[in-house]
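By written order: A, B, C and D. Residues from 1 in each chain.
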Amino acid sequence: MDDYRTLREAAWAANQELNRRSVILYTFGNVSAADRDRGVFAIKPSGVPYDDLRPADMVVVDFEGQVVEGRMRPSSDTPTHAVLYREFPGIGGVGHTHSTYAVAWAQAGRPIPILGTTHADLLPDAVPCTAVMTEAEAAGDYEAATGALIVACFPERSWERVPMVLVARHGPFAWGRTAEEAVQHCVMLEELARTAWLTVALDPGIGSLEPWLLRKHFERKHGPDAYYGQEQGGHGA
Amino acid sequence: MDDYRTLREAAWAANQELNRRSVILYTFGNVSAADRDRGVFAIKPSGVPYDDLRPADMVVVDFEGQVVEGRMRPSSDTPTHAVLYREFPGIGGVGHTHSTYAVAWAQAGRPIPILGTTHADLLPDAVPCTAVMTEAEAAGDYEAATGALIVACFPERSWERVPMVLVARHGPFAWGRTAEEAVQHCVMLEELARTAWLTVALDPGIGSLEPWLLRKHFERKHGPDAYYGQEQGGHGA
Amino acid sequence: MDDYRTLREAAWAANQELNRRSVILYTFGNVSAADRDRGVFAIKPSGVPYDDLRPADMVVVDFEGQVVEGRMRPSSDTPTHAVLYREFPGIGGVGHTHSTYAVAWAQAGRPIPILGTTHADLLPDAVPCTAVMTEAEAAGDYEAATGALIVACFPERSWERVPMVLVARHGPFAWGRTAEEAVQHCVMLEELARTAWLTVALDPGIGSLEPWLLRKHFERKHGPDAYYGQEQGGHGA
Amino acid sequence: MDDYRTLREAAWAANQELNRRSVILYTFGNVSAADRDRGVFAIKPSGVPYDDLRPADMVVVDFEGQVVEGRMRPSSDTPTHAVLYREFPGIGGVGHTHSTYAVAWAQAGRPIPILGTTHADLLPDAVPCTAVMTEAEAAGDYEAATGALIVACFPERSWERVPMVLVARHGPFAWGRTAEEAVQHCVMLEELARTAWLTVALDPGIGSLEPWLLRKHFERKHGPDAYYGQEQGGHGA
């Protein structure tokens, strides 16, 4: 009996969508889909080209990153995903890409400033950038240390409102209630990175979006009286 | 009897074209098509992915933004469209996107300068950028206030010659005699924003296009003796 | 009997190729194909979308720009093409686009410097930029004046070696022995404009390519002892 | 009997993949595939459009660049490929493109700095840029001199760890254990060039990636204890 078929299919579909959205080059990126009731997630196997990937190739691991089912080696970023599932209760998907503009901000070690309503429609603050990992941290469990650097950026459940981050010198991670939403956040993050890059080139000293515009846009999509999308209080993707 | 089928189909087709032209990411954008005789317009429902959209999903509203026909909630930008239809007599379509370069100029709060004949072929002046909305304005009817900021940029029927605008911190709106033309103006606006961005990077202190070139190009397409396109006085889209 | 069918088909095919190569937006651009023996050229009709264009729509005009055959109005740039056919003996095709990076250089009024061997493989000098047209020139026959500004950039048959130009504030024109080659030159010009733009951003004070590299690359493709391509003295497009 | 069919097919497939990956414009680029046992490599013929290319068109030459089999003239860059096969034992494929961002760095004469883990996943150092060829060098065997400039950048078998280079004023070359891998390195090089360009624009004074991150990322893919990909010590492409 195959216990994790639905979960592996969800992870597979999300990985395919990530690839289709042009935020992936070769094997550089991965998405996982979690089943919180069973305490596992399915993730892309390491180094397999997207075109060759089948649902059955997805590897099921627990929240400590131990393989539960699967013939292949899971993504080398698996321990980072595991940290996020443990520390961010409620998230059901995590994505990681090397999308071009997000990587540029991450390499520069700079958060993506909130400069307009496209950004505020999605999240109410800058996309944070982690600290640069120290030599001591990198000498230990590197991928878990990456997860810890991410977690340190999100005090007070702020990971619910800001479902994305830049890992300094590395690139973006994003999450969501599902793997599908995590992919949407990866794609939107790249667009926010691109428009912010272009805006800063026009005006290097630009400040943040006025707080009343920020609040208004975030709340019309995500607040208790949200009126965007077709659901009440909805979150139209 | 379905009274608004033709109108909904025109709005649907214009929304599909907007998506095809790569100025839309996910659900970020919308077009409406007006029937001035009946005082209504059809607009995209809020937050519905373009690929799932059918003509029957378009929502018909009056020029006060009240729903006349349709099962779904109209775009959250509907009150902005309504203001434009009320204040700009003669326009038959309005489009709104978050296209990348136009958003960059809008986020920087800068008009798109007129730097060449590609721009002058389409419109005889810079693409204006609205004022930044104040906290008091944002506290009221936000989308109507957005419309009012737009209208304030267009004294003396100048909205006929300059069928597009940047809303500061937000992004572009464009309009036209039809929804199809509004989409063309959205697409052209993005290209003007892109070439202006690249030109200003080469020469940050560049001035506006010489006035005689501006006049010549605008008038060969739009003046009384226009000789561009196949119509007399034509406006070859 | 249809005298110009082959010529119209060549012009039509070149216009389609221009569109396919993504250097055209809507109707902004045109290519013509000349038959020098008969003293005519076929050109795109004005303002007709590329997707709707059929070979029979191409308009045949003489080298003074007078219509010889065709039901539609020829491109508004026809007089510019006519000047080039009259002044540059031997050319058999002319193309004009509003491609993005070439327009940026043209709007800035700057020649595209020769910075590397990609450029030198194609032409042995900067892509010149015309003077800005004066008010007096613009008041007369504007499109013919555009042609005259172009011709003034090419003393001593240099238009044979440098088959392309930027018209200041406007955009690129290119030509070749055939309409097909004119299109290739339009496409290559855009790529030269793009790489030069990116290079100048990295090093704003960069000088021209060393003259020995320039000569070597141009001559291995175009000199009397050319060894690029499959023809002797060949010009592998 | 056709001795080199497999080799020609490998070279042809790699050239087609290079074209599909959008790092080629017209005929500007080439890949070769070597058979070290027989001391030959198959390379693209000079100046033939990719769409017209058949496996039988590939030209087989020896490591001195002399044609062994084939009706067409080999790529004008053949002597450069030959130098690399002679001087870099173990490589089985060489690729050369004029990809946009890599050409920009090459034209500026600047190495591509190592700024993040995307780069470190692939190679443990900057992508070097050769010296500018002197007039004396260009006067001799130009393509062989290009090869010598490349070789001078790679002391102590460093070409094994850094399988790519920029030739100053010209563009990128990359190599690998196979022609397929050489193509992947060409494509990745363009992406590294692009993200580095964008990063340097955000922070012109940025330094290199911290050495512990560099080592960690390179070794997790390429070190003796590599854990990326599905092979032990694997090199997941």
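Quick note on the criterion: a residue touches a chain if its C-beta (ideal position, glycine included) is under 8 Å from a C-beta of that chain, and two chains touch if they have at least 3 such contacts.
All values reported here derive from a predicted model rather than from experimental measurement.
Ranking every chain by how far its Cα centroid lies from the centroid of subunit A, the top place goes to C. Matching the C-alpha atoms of subunit A with those of subunit B calls for a turn of 90 degrees, to the nearest 5. By the residue-number overlap criterion, the interface of subunit B with subunit C counts as different, with under half of its numbers used by both chains.
Distance between subunit A and subunit D, defined via averaged C-alpha coordinates, is recorded as 33 Å.
One simple way to say how far apart two chains are is to compare their mean CA positions; for subunit B and subunit D this gives 46 Å. Of all residues in subunit B, those touching 2 or more other chains are 201, listed in ascending order. Inter-chain contacts occur between A-B, A-D, B-C, C-D.
By the touch rule above, subunit D contacts subunit C in their complex via residues 25-28, 45-49, 72-73, 76, 98, 100-101, 103-108, 110, 132-135, 138-139, 142, 169-171, 197, 200-201. Subunit C meets subunit D in the complex at residues 115-118, 121, 184, 187-188, 191, 194-196, 198-199, 201-203, 206, 209-210, 212-213, 216, 220, 227-230, 234, 236-237.
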